[in-house]
Amino acid sequence: MASGQTPRGAAPGLAIRDVGVAYGGRPILDRLDLDLTGAETTVLLGMSGVGKSTLLRRIAGLLDGPGAILAHDGQPLAGRIAFMAQSDLLLPWLTVAGNVALGHRLRGAHPDPGRIGEMLATVGLADAAAKRPAQLSGGMRQRAALARTLMEDRPVVLMDEPYSAVDALTRLRLQDLGLRLLAGRTVVMVTHEPFEAIRLADRIVVLAGAPARPVLDIRPESGKPRAPDSVEAQTLWRRIVEALGVEQAA
Amino acid sequence: QKMTVLLDWFVNPDHGPLYVAQALGEFEKRGLEVEFIAPADPNDPPKLVAAKQAEIAISYQPQLHLQVDRGLPLRRIGTLVATPLNALVVLADGPVESIADLKGRKVGFSVGGFEDAMLSAMLARHGLTMDDIELVNVNFSLSPSLISGQVDAVIGAFRNFELNQMDIVGRPGRAFYVEAEGVPAYDELILVAHKDTVDDPRYLAFLDAIEAAVQYMVNEPEKAWALFLQQNPDLDDELNRRAWADTLPRFALRPRALDRRRYDEFAKFLKHQGLIGEAEPAEAYAVELR
Amino acid sequence: MKPLASGLLTLAVLVAAWALYVDLSGIEPFLLPGPLRVMETLVARHALILEHLGTTALEIVLGLLLGTAIGCASALLVHSMPLVRRFGLPVLIASQALPVFALAPLLVLWLGYGIWSKVAMATLIIFFPVTTAFLDGLRRTDPGWIELARTMDAGRLALIWRIRIPAALPALGSGLRVAAGVAPIGAVVGEWVGSSAGLGYLMLHANARMQIDLMFAALFVLALFAVLLWLAVDRLLRLALPWQPDSFASDQGEPKR
Amino acid sequence: MKPLASGLLTLAVLVAAWALYVDLSGIEPFLLPGPLRVMETLVARHALILEHLGTTALEIVLGLLLGTAIGCASALLVHSMPLVRRFGLPVLIASQALPVFALAPLLVLWLGYGIWSKVAMATLIIFFPVTTAFLDGLRRTDPGWIELARTMDAGRLALIWRIRIPAALPALGSGLRVAAGVAPIGAVVGEWVGSSAGLGYLMLHANARMQIDLMFAALFVLALFAVLLWLAVDRLLRLALPWQPDSFASDQGEPKR
Amino acid sequence: MASGQTPRGAAPGLAIRDVGVAYGGRPILDRLDLDLTGAETTVLLGMSGVGKSTLLRRIAGLLDGPGAILAHDGQPLAGRIAFMAQSDLLLPWLTVAGNVALGHRLRGAHPDPGRIGEMLATVGLADAAAKRPAQLSGGMRQRAALARTLMEDRPVVLMDEPYSAVDALTRLRLQDLGLRLLAGRTVVMVTHEPFEAIRLADRIVVLAGAPARPVLDIRPESGKPRAPDSVEAQTLWRRIVEALGVEQAA
């Protein structure tokens, strides 16, 4: 999949219908409705603790609660989602290569070692393939988790702050990598960096309030990737930061 | 023909005739191939014979009464030691000179099942009851508990062993023999078999071999001891030598012979003590092989 | 109400399996009596059995408390003092190899024939899983937490008390579950040291008297007690370690949420 | 060389402590003989002791292997099948309450007088810590990993095999350390079942015949074997779980780096 | 310390002398010399995996190796350093408040509950004081770790990417909080965000190469905080990103 723009199976849109999640009686999400267009990258932003990760985990099918997550094509979503959690969740007993191969192994498949090597090389971990997670730096761990997610090659990809622990240059490089490898897939990505959203998003959604609601939902007009110094980018930036600050009443 | 014989306990001079017979080839002569197995728990061999896991078990006459009473299909087919070995033992230099002195003292026992019955019979002769003493189960340390003063007397000690043991460590004991203190005489060590198999001709051959061995032992005590040691080299010590000498006169010279009255009387005794429900006639417990 | 009903059902099924085995195998009742006979004896002799259970239960509880205390203390000592580790650890391990018959005369000499010689034997059996599991937990503390504590100038004691011990509590819990499982047999073995009461004594005595039904009735009560004790300890441990993930909490193999 | 020397030193110190106690307390030699007498007996009877050690060592190894296998299998079954958990867990716990004298005739009936009835008894004692610790480990898997595996469409088996089991290995290691500690006594207890050989048999025999020196000589060998076995298992486990933090690895209580 | 600009004891400068750290024979730092002025904020940047965290941990005394870390005032450093690691290292059995009080507890002191509450409020966790770490979002965990570090009130503060997991607005707020609470202390902070460095630093050091060496070491001229849209900021940004890309030979 080094060049792999076409995921196996077309990327479905997602219908988030009337979804709720509560922890100990406190609703984090409540009757949330959102339609995500297929093959688009939606970037989620919001204040820390607003419920972004909760929404992503709900979409991934990891949380119970009222409402439903449906694919627009009517097929079940199971087996079509790759999920990169906010913490790296690397397995300490596996090497980096073993961690990247995990999905295949879990499905009883034999991953192509060449492809693992390629994937590690693209995230800059070619030298670290045989290392254990404990021997990695924070950014290296995140990149290993990213490689594992991309290795999954799924039409729907959910990523929770995938580039937060790497330096600015590596971040740009990984963003480009994502643009290339995730093109044609339905991507939902959480980020805290407005310029990252501006650079990568087909659609930007800012959540605010408790329970969380979209307070900003825009599709930038120009094509991506977008440079941070255009007028459009500056305007988007201001609107995002403004929306982040909204304290919405339930 | 193979046979498995379960000993009552670890190999010791009580088992002399078995090993001497083996060494003399008395079993072989009669076409028997005998294997001895020593258990860790003397309660197991009769059960295993009753379950047909072995042909013969060494057991004790009092136990046999209890076992038959609980419905175990067992019969005594022969006798190994024809007198009681059990005794009540106190320290020779201790304060207990007669059983009457036990009043208010501690008596240790190692659970065998009928110590309290014997004890209460012995006490009764001296006007005491079980309430006058304190019974303590000392399990693994019969003579140590006596020597170290944890108890004032022990019941269940074997006169041919524990007395010698105590003597050897310099704390000689004094024994009150159970059959002299109101307990009917009984056969300490007997051979039991499943009641449905008592006609097995191998048993007769087996007992013939034992008889031959006992005769040899009486005639040639030194040689017999050497034969026994040859088979059990780790028993070559002072204690076993003494025990051998003390046990020799107690082996049944006629192992097949059955004293019916002993069984009748002992059954009555146990019934009287409340340990068995019915005192059966001797035939219910023992057979005499012909 | 719900767990009680479910527990009774479990018991019923297991007893039925036992009855079935006894029936089908035709095993001799003096080797393994059927549940019906055992239950009859249990009912008939319940006063006797309960009285002996009281003694044994006391030994179990004392052994468990002492074993836990000694186990925790020895794990802490072995972990924090290299000298103790060198000389103490072998002693702890060797202590497990001591059979009751070798120890019995010594225990009686030191502690007499009262309850304490039995509790000592039970404690000896119970403390080892506690020590080993707790020690393992203490060894495995996340090095990041240790480093954090060091930058905070934690003293040796504070480090152990506030970091290593809480971090090792789940492992200790694991050891306590083993300890709760072996505590009943520990008490029974303790009663071999020499006793005149307790279920172990009762069983030994019944066995010698060929009262096999009574022995199994006592054994049944002991086993039931063991299971209840274990479940109680398990429940307590779950409550005591709320931050600990536990896939049983949902009563399903895999969490649904 | 270094660990050997240090081991010998430890042994010397412990034996010295034993000699000191015997000397100072003036304890009767038929209760606890001094090391000198025991060593004399050990030298004089080494052929006998080594022969019986051979039997016991075989039982220990077989019991440990079987106990580990059965312990792992039962933990997995109990963990993954709610039905087994309901009916099997109580059986496992109850099994620990069975005293050897109740079981011995049954084991002989089922397995004969050979080594297997003894190994079965040893296994019964050894498997429980393995089961409990492994089960605990399986219960405690980080829920994040489980979730990750679920998004990767892991099958039930793959989830257990590739996530839960490796994550539970440190806990299993803890159980194996307990098992290694109790394996020797397990084998000795096993020798109560239809016994005719082994150190347990030898000790019981010697004890019954007041050959206390011989009993303690055999006990000394057994204890030494137990310590060496434990240390070997501990070393193996450290090697097998390299990703596992271990504060003993540096042979210091607290890591310096 | 709500206003607390003055740490207990003056903030010493640090002399990093000839320091080396190697993992399995691979040197990450080698003969590194660096002098950090007292009461200044030095911001470290560098490619992911270059050795920033390693350097910070070495300064904190958590790693052995050749060389020495000395305080300019000649006093021992022990007891004067607060360290915030890259991973949050929250203790799962303690509540958030308990975690924040950890340092005091470890030293056998009784932390002032009022101060804990204040500190939690400043990082926006007033409502979460009684929660366990497992109940927090990623950003909330990071803020709890930050509160714990600030609670330490030490003259030397080492922080490894302290604001990486929070949204842009919260990040600004926390940066301002840091400026206020850390003024007058010797701060060494790792970040991946050049604008964060520009905004907060008295001195910016970019590490590169293997073993890592400073390839950029500058003191912005204007006072902090600096706005990201000044010309100086833009120049600094370009120089930093350029330096990040340097592949320096050992």
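As written, the chains take the letters A, B, C, D and E, and residue 1 is the first residue of each chain.
Following the convention adopted for this analysis, a contact is a pair of C-beta atoms (placed from the backbone, for glycine too) under 8 Å apart; a residue touches a chain by one contact, two chains touch by 3 or more.
According to UniProt, the chain labels map to these proteins: A, E = ABC transporter ATP-binding protein; C, D = ABC transporter permease.
Worth saying up front: this structure is predicted, and the values here are computed from it rather than measured.
Novice: Tell me, which chains sit next to both subunit B and subunit C (ABC transporter permease)?
Specialist: Both subunit B and subunit C (ABC transporter permease) are touched by D, going by the contact rule given at the top.
Novice: Identify the chains in contact with subunit A as well as subunit C (ABC transporter permease), in label order.
Specialist: Joint contacts, listed by label: D, E.
Novice: Suppose each chain is reduced to the average of its Cα coordinates; what separation in Å results between subunit A and subunit E?
Specialist: 28
Novice: Using mean C-alpha positions as chain centres, tell me how far subunit D (ABC transporter permease) is from subunit E in Å, no decimals.
Specialist: Measuring from centre to centre gives 49 Å for this pair.
Novice: Just the number, please: Cα centre separation of subunit B and subunit E in whole Å.
Specialist: That gives a centre separation of 84 Å.
Novice: Would you give the residues of subunit B that are in contact with at least 2 other chains, written as numbers and ranges?
Specialist: Subunit B, residues with two or more chain partners: 43, 47, 51, 140, 144, 148.
Novice: For subunit C (ABC transporter permease), write out the residues touching at least two other chains, lowest number first.
Specialist: Residues 31, 101, 105, 109, 142, 159, 204, 207 of subunit C (ABC transporter permease) each touch two or more of the other chains.
Novice: Would you pick out the residues of subunit A that each touch at least 2 other chains?
Specialist: 62, 87
Novice: Okay, in this complex, where on subunit E does subunit C (ABC transporter permease) touch?
Specialist: Checking each residue of subunit E against subunit C (ABC transporter permease) gives 57, 60-62, 78-79, 81-83, 85, 87, 89, 91-94, 102-103, 105-108, 132-134, 152.
Novice: Which bits of subunit A are touching subunit E when the two form their complex?
Specialist: For subunit A paired with subunit E, touching residues are 23, 45-49, 52-54, 86-87, 124, 135-140, 143, 160-161, 164-171, 192-194, 240-241, 244-245.
Novice: Along subunit C (ABC transporter permease), where are the residues that touch subunit E in the complex?
Specialist: Subunit C (ABC transporter permease) reaches subunit E through residues 142, 144-145, 147-155, 158-159, 162-163, 166-167, 169, 241-243.
Novice: Can you name the residues of subunit B that touch subunit C (ABC transporter permease) in the complex?
Specialist: 43, 47, 50-51, 63, 66-67, 69-72, 108, 111-114, 135-141, 144-145, 148, 150, 275
Novice: Which stretch or stretches of subunit B touch subunit D (ABC transporter permease) in the complex?
Specialist: Contact set of subunit B toward subunit D (ABC transporter permease): 4, 9-12, 37-41, 43-44, 47-48, 51, 53, 140, 143-144, 147-148, 161, 165, 168-169, 234-235, 237, 239-240.
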